[in-house]
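Going in written order, the chains are labelled A, B and C, and every chain counts its residues from 1.
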Amino acid sequence: MKPSKRTRSSFRRQKFAGPVLVVAALLTVGSAFSIASALPSAQKSEVSAQSTLIGEGKQIFLKGCSSCHGLNAEGGAIAPSLIGVGAAAVDFQVGTGRMPMADMSQQAMRKKPLYDAAQTAALAAYVASLAPGPASVDPASLTWERDGNVAQGGELFRTNCAMCHNFAAQGGALSNGKYAPTLMGVEPQHIYEAMITGPQSMPKFSDKTITPAEKLSLIKWIKAAQTEPAIGGASLGRVGPVTEGLLVWTFGLGLLIAVAVWLAMKAR
Amino acid sequence: MNSEHNNEIEVARFEDPGLPAHVYRKTDTDARAANRAERQVAALFLLSAVGTVGTIASYIFIDSKKFIYLPVLGDTNAQQLALGTGLAASLFFIGIAAVHWAKTLMPDHEVIAERHEFRSSDEDRADFVATVKERAGAAGLGRRSLIKRSMGIALGLVGLSPLVLLRDLGPLPKNDFATTSWKAGTRLVTDPGDRPIKPSDLEVGAVAQVLPALAAGEERTLENVGKDAVLLIRIRPEEFNLDAKRLSWTHDGIIAFSKICSHMGCAVALYEQGTKHLLCPCHQSTFDVTRAAKVIFGPAARPLPQLALSLDSEGYLVAKQGFTEPVGPSFWERNSA
Amino acid sequence: MKKSEQVAGSVASYVDDRTGAAAWAKKNLTKVFPDHWSFMLGEIALYSFVILLLSGVFLTFWFDPSQQQVIYDGSYAPLSKVAMSSSYASTLHISFDVRGGLLMRQIHHWAALIFLAAIVVHLLRVFFTGAFRKPREANWLIGIGLLTLGIVEGFLGYSLPDDLLSGTGVRIAEAIMQAFPVVGSYLSYFAFGGAFPGHVFIPRIYIVHVLLLPGIFLALITVHLMLVWYQKHTQYPGPGRKETNVVGYPLMPVYMAKAGGFFFIVFGITAFLGAVASINPIWLYGPYTPGQISAGSQPDWYMGWMDGLVRMAPPLETHAFGHTISWNILLPGLIIPGILFAGMAAYPFIEAWISGDNREHHLLDRPRNVPNRTALGAMSLSFMVIALANGGNDVIATHFHLTINGIMWFTRIGLFVVPPIVFIITKRICLSLQRADREIVLHGRETGRLVMTPGGEFLEVHEELTPEKKWTLTQHDQPTPIALPAKGSASALSPSRIKDVLRSRMSEANATSVASPTETEARELESGHH
């Protein structure tokens, strides 16, 4: 498990969220740790704050999540148990807007998050309090810009990720209408959390098979792919030869034939 | 629907009125229009010249690392774009100018040319046949059957030597298709990274791309990877639906399959954790991990070969034995019985 | 005489004294070419070939066709220090460190896609207008040969950079070789110099791509054009156009200017595509290794139909006597393409046999007047389009929120159901168009103007067609089916009798048409009206 210390920051409502978040973040991780290690006495005072947060999270959970996931997050016919999924899973699913789902479709889509950062942190704290699981990832701890190796990241990506997310991280089709989403615009902490929690169809990538340092390299490569310039002109969606063929048959041949028609037309 | 009309004898069909009268263009009748067309052609040629100058200028003066933002295209390499559009203009406008010139100023009277019949006259044909017969007779092809037959043998054989000379294009496959580097006790190591793996390193729902560990001094070639690549998956042991033998090849919910598709050899690495299906991105064969990679969709005819797992003395995952069947696509000598 | 004319004159005499070319040149400079946009499609292919030669030579100056592993140290940072083959590294070098290199690569690849697309539309034009009929069967065969080799050439070309996508394609090609019964594994080991991917395949296909196949192309294209030249171009039917003449513009100057100009236009448009649209961004794919793969791995479009067939193939293998035959590879990868191309090559001869038509044809058919052929063409086209669509089913699925499994089943069934439906519908459309032609010739064009008769009735004024138009719509032959010969003494099941029956049945279907209106009918109608 990654010993990170806080939950995600918010890029919305920053003024209000900041202080709350720091507290919330510390507590969330603390809750995961409390199982494994004895709590240092210095943090005793925070325990009560933490339980408040967990309480808040539980209230949000009962209102927004329990109808599918069960009153005690034990899961139901249409939704999995959340016991042991950890704060990271909550932060990923709720922070990217996937949860709560808009409808019971094949797959939860990324959308505008319903809960703000503080609410997400509270939810995460509640779910983390049920059983130990991966903690949320603090963006500040992801020093990918400094420590990542983009070329190594590319190699890891092509071996572990490209088969679903495509060579340029544009996403791809899975079986029966499921799909691997595009990684364009995804935040580093969410990429990290996805790797350690394995949301939806995605498998988990343990820290032993892809080390935390390698994960930073992966993030660096994905960030590079997100800002990859259109070196040779319009990128055509970076999905391979399909769109290239389409362009040739429409624009290319269309223009050539249009010119041929003009060429063979008698001038007036 | 077939009509009887065309069987009647005295049916008058419509007649060919012949080539319509020539319609003169504006440039034929109006000198000013002609002059305008001339100026247009000239302007188009000059546009091409501008394109060429632009191409050369951008080759020399634009920094090849400079990017500019353009709508639709995005951040584009300035030099590549300028060179390309300049070149395109220099070529395109020559063409447009020439065609415009031809259409407006060159004579546009349609010309009729008669076709010649391809068929030679009957005499020529007869002469030809006679000549061939006579010449062939002079060579004695008909009479001297010994020559004819031996020539047949010689010509029939002569093509064989180049074929034989191609033999050294490659070695004989021998048993290579059926073998991999996996042996009993070979450690599974991460790809990339070459780190050995303990069962505890994989959580339920985790995958790892693995290769066989290298012995000291060994190097891993792409040929090895092409046969050795393996996917390691961990699920809950109770989710397996395997016979006793295959179950004994797993370790505590960890199962390993050859990553080389049994259909056409692509890397079948697309694992859907939710459904526990493996999907090949090339031709979409779908394999069920819980049932020893049984094919449940797509063109693959065989499951992916399963690699038997066990632990070595240090607790790392190793192959219990090599693959018991050839990995990858089928081939003639493959015995699947 | 002006000075320049004197010089030209003396050059001409010098050449003619030694070759006697003046008479030939005089005749050919006034050679007549009919003008129609659809006659330019083959030229697009020809010019794309020239563009391919020019841009290809440029690329060879830097490309290193070697599978030696090197460590990349060029200017594309995301691949810095990555191990890759020299092929891949030198392609990166062309793309990032040779000024105009990426442009040339993109022009080369776009030109290849246009080359094959133009060959296909040219082929369709020739097919639907019956331009393949006697005496042009040989040129049809050469065309099929060029298309086949073009597909191979294109595949070899995009395989050269040794990137992850093309390497995957080569892997699949290797699997097809391996699938050949009896000799498969030998074929693969000889082609790759041992186990896949080996170190010799790219150098080998390089020489095939830049020397062997272009040489064959040059030879075939030369013969193709010489035959067009010698046999003279076909022309569309119309007033003054006969089987015995050719109506158009002389080579010099009009056709020279137009055809020459068109070369520059094709080159210009290709260069424009190369400038503004990215193609085969190999730096994104990464170097090839057999352990990696990208979602949505497809070939270029001209192989896409075959990949689509492979995807939808049934999971069939025969295991017997210790041997394996992979029908799931052989069927879509060799047998069906083989049947399609052999059928295409044989079509002119099959049609001539069915119709019994042994005459020379220089006037083209209007597709509606040959419903069977047109329907067959449309049917084959629908087959290819369905196969091609399945070749991109993953991209279609993600972009239109469909499922790959759904598309796969749709195309699996559609491949058998849609083409016959297309055949029937196309044939009906052709016959309706023939009927419309007949109507319009006999009753004139509806003008939309209403007039009131003295009796108070409203009638729409019909405008009579011009004689030119009438001729164009009625000049075609009325096909007559071959009657079934008398049975004679042969048994009903003897091969020759079956052949006769088959021929006369097909001939009858082939001859289905609406009677072309005649002058006689028009006159009868007129006398009936008044």
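Heads up, the rule we're going with is that contacts are C-beta pairs under 8 Å (C-beta built on N, C-alpha and C of every residue); 3 or more make two chains touch, one makes a residue touch a chain.
Not measured: the values here are computed from a predicted model.
Of all chains present, the one whose mean CA position sits nearest the global mean of protein CA atoms is B. Highest inter-chain contact count (C-beta pairs) belongs to B-C.
Farthest from chain C, judged by the mean position of CA atoms in each chain, is A.
One simple way to say how far apart two chains are is to compare their mean CA positions; for chain A and chain B this gives 35 Å.
Spacing of chain B relative to chain C, judged by their CA centroids, is 17 angstrom. One finds 46 Å separating the Cα centroids of chain A and chain C.
Under the contact definition stated at the top, the residues of chain A that touch 2 or more other chains are 155, 159, 163-164, 172, 175-176, 230-235, 263, 265. Within chain C, residues 102, 106, 258, 261-262, 265-266, 269, 274-276, 291-297, 393-394, 404-405 each touch two or more of the remaining chains. Listed for chain B are residues 73, 77, 80-81, 84, 99, 103, 108, 191, 209, 267, 269-270, 281, 284, 297, each touching two or more other chains.
Looking at the complex, you find that chain C touches chain A at residues 35-41, 44, 77-82, 95-96, 102, 106, 110, 113-114, 117-118, 121, 164-165, 258, 261-262, 265-266, 269-270, 273-281, 283-286, 291-301, 304, 392-395, 397-398, 401-406.
Residues 150-151, 154-155, 158-159, 162-168, 171-173, 175-177, 179-180, 221, 224-225, 228, 230-236, 238-245, 247-249, 251-253, 255-257, 259-261, 263-265 of chain A are the ones touching chain C in the complex. Every residue of chain B that touches chain C in the complex is listed here, in rising order: 1-3, 5-6, 10-20, 59, 64-65, 73, 77, 79-81, 83-85, 87-99, 101-103, 106-108, 110-115, 117-118, 166-167, 169-173, 176-177, 191, 209, 211, 222-223, 225-227, 229, 259-260, 263-267, 269-270, 281-285, 295, 297-302, 328-337. Interface of chain B with chain A (complex): residues 23, 25-27, 67, 72-77, 80-81, 84, 99, 103-104, 108, 190-193, 195, 197-198, 201-203, 205-209, 233, 267, 269-275, 277, 279, 281, 284, 286, 297. For chain A in complex with chain B, the residues that touch the partner chain are 152, 155-156, 159-160, 163-164, 172, 174-176, 178, 198, 200-206, 208-211, 214, 229-235, 262-263, 265-268.
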